[in-house]
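In the two complexes that follow, chain A is the common piece, with chain B as its partner first and chain C second.
The block that comes next holds the complex of A and B.
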């Protein structure tokens, strides 16, 4: 599974201030630690900086990429901030995100093409966030088809069926799982990504729910996760689930992780 | 009075839908000639306010708030036809919506539920609500408060736009505004001149009361 480390986000405790004060060492350490713990990509998000995001996001991109050798996921709904960040990024970035909402689609698509980036495609359109597996798949199907017809390579699309909290509606967990299953079956080359932790919003001991949910999603075909790589329990659940789901030939990665002391 | 206490406890415990205990208790209280206002205030609303306090302290969680709200609703449904004939007024009228360009509604719905539970008349403006729509609904319903929700940093300016539109309308001195949503802060509320800000659904009730000078 492609692990996108989620920790560099100014809505997390202390991060807004760190970006404001340009506390480079603090931020570099967060980047290093995530890569050490297995992140393939790092996400950068400084949405809470509002209009200063346009300056802060490219600054973060440069800072992180001079610290660790991984590409980044540029997380902003603001096209001008995304563009500023992409223009200084090295390697193949992922843009988080496009959706089927008309305005957002039209503004983000040119960036995806210009920077040949991967793109997380949120399964929502002008009607809102679909609730059932069927509706989620329908939006996913249309959005994917539209991206491909706009010449975005299939392998660069990461469909996100949009996870909402099971605390306020208990059917949404399985709706996501079933949507993942249907997308994976219909489009084996298209990636599927999720913001897993939304599932547990408003409930106690969220990590326990997140861990159980990611296992269910991996079983259904999830291949990309925006997660906290420093959560060792979560990471070993991912490795175990991938071995069990037949995604780990000869269980090599599981065994290696064990030898590295990551399976406990 | 024991019955009223039972109603309150019934709301706190919540209703999983297998039984309609609170509705039954309300019917029973009516048969015993307990005044409608007492059932509503000391039973149903009192129960919901206990849940609100516990939610603020993280002692209960979202699903427990939802089942309490459901229990309360089953009780108010029984009272509804009688409320028109009584002199019970709602605490005030709130128009609630998610601002233009934003399609998230979970948080907004939770706030609405808490406000209703506290005794407010709540009008749901829905999602993707333009400033004109907020104003139109507020006029139509003679609202005291307009509540706005935004989940995205890019749609937050919709709150600013709505507040400016309100200030430029005849509602300027009549309606208070309150804002909330994951990226929203007190700082932002001050910046755009919102009447109030609440970090969660339970505080939204306190803030709304404060804005209207209700103890």
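The block that comes next holds the complex of A and C.
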């Protein structure tokens, strides 16, 4: 599973202030720790710094890439901030995100093509967020087809079926799981990504729900997660789930993780 | 989910000796604790007491039912031991187990009918244990049809797709998950049961694998588990999985479990 570390986000505790004060050591430590714990990509998001995002985001990209040797996922809805960040990024970035909403699609697509980036493709369009598995798959199918017809290679697409909280509607969890299963079955070369933690919004002990939900999603075909790699319980659930889902021959990676003290 | 507590089994540490010495207090405490922790049924198995099983099993049934007010799952391959236990059981028992193997089917069926019991129906026949999801479903379908034609109500049948260890063959986990999904889709009134812990046989930190696997199985439609209710991590995974699988409207049971200190 591709792990995108989610911790460098100014909506998280202490991060807005750290970016404001340019507290490089604090931020570098967060980057290092996530990579140590298994992140393949790191997300950078300074959405709370709205007035300063166009300057802060490229500054963060440079700082993080001076510190750790991983590519980044550039998380912003503002194309000008994304472009500023992409222009200083080394390696193959992921843009988070495009969607089938007309305006967003047209503004983000040129960046995906110019930087030959991966792109998280949110399964929503001008009608909003689809509710059922069938509707999510329909939007995923259309968005993927459009990106491919616009010359984005299918293996650069990370379809995100958009997780909502199960606290307000008990069917949303299985809608996502079933959408993932259908996407994985139909498009084996296209990636599937999720912001898992939205499932537990508003509920107590969110980590218990998050780690059960990612297990269900992995069984259905999820191959990319935007998660907190410092959450050891979550990471061991991912390793166990991949073994159980037949993605770890003879459980070699599970046993290695156990020997490294990561399965407790 | 129907929880069948698995701890009263003479193959577990200390149990063989406790049954041998007729250590009633020790055994009663195991029964009480499982029910406190959420068991709906308790399994009784004294298979290691081969020479004495016909006497020990009914003794255990009486002892446990004097102690706690739940019905039992009578776990033995020997029809004479099962009959001795069933003859003293109060309430509606579950017989663990019948299968599509010719001899076993013919010997166990009369007990199921005489005692109007539930019955765990192992998805194996004279050819052995099926490997793939399709083969497991085929055996499940035939066994269920035969039981129904022999007048066993479909809601008394607990189909068990037979879990094997993922350590020796990485496809067995998903074969079970997919068989469960197909059984649940095809036969919504028939129960599905699993001995979950077989999945991790021979692997380290088995509980990590067991709790991820039961989450996958619940997402697919598992409604009955033979588990250790004293394993708090497993029980909270089950409660979380049922909420995520849309079986807990507005997460009411999850939130109640949290308030009761069971989600940590």
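Methods note: the second predicted complex is superposed on the first by the 264 of 264 C-alpha atoms of A that agree within 3 Å, B and C clash if a C-alpha of one lies under 4 Å from a C-alpha of the other, contacts with A are read in each partner's own complex, and residues count from 1 in each chain.
In this text, a residue touches a chain if its C-beta (ideal position, glycine included) is under 8 Å from a C-beta of that chain, and two chains touch if they have at least 3 such contacts.
Keep in mind it's a predicted model, so treat the numbers as computed, not measured.
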Touching partner for A:50 - first (chain B), second (chain C), both, neither: first
First, second, both or neither for A:171, with chain B first and chain C second: second
Chain B versus chain C as contact partner of A:204, first or second or both or neither: both
Which partner, chain B or chain C, touches more chain A residues: C
Chain B versus chain C as contact partner of A:212, first or second or both or neither: second
Contacts of A:25 with chain B and chain C, given as first, second, both or neither: neither
Partner chain(s) touched by A:11 [first = chain B, second = chain C, both, neither]: first
Chain B versus chain C as contact partner of A:249, first or second or both or neither: second
Which of chain B and chain C A:236 touches, first, second, both or neither: second
Footprint overlap on chain A, where chain B in one structure and chain C in the other make contact: 167-168, 170, 203-204
Parts of chain A lying in touch with chain B, wherever the complex brings them together: 11, 47-48, 50, 53, 77-78, 101, 103, 124, 128-129, 164-165, 167-170, 201-204
Residues of chain C defined as touching chain A within the complex: 166-168, 170-171, 173-174, 177, 199, 203-205, 208-209, 212-213, 215-216, 219-220, 236-237, 240-241, 243-251, 254-255, 258, 263-264
List of chain B residues in touch with chain A within their complex: 58, 61-63, 66, 101, 103-106, 109-110, 127-128, 152-154, 156, 182-183, 185, 188
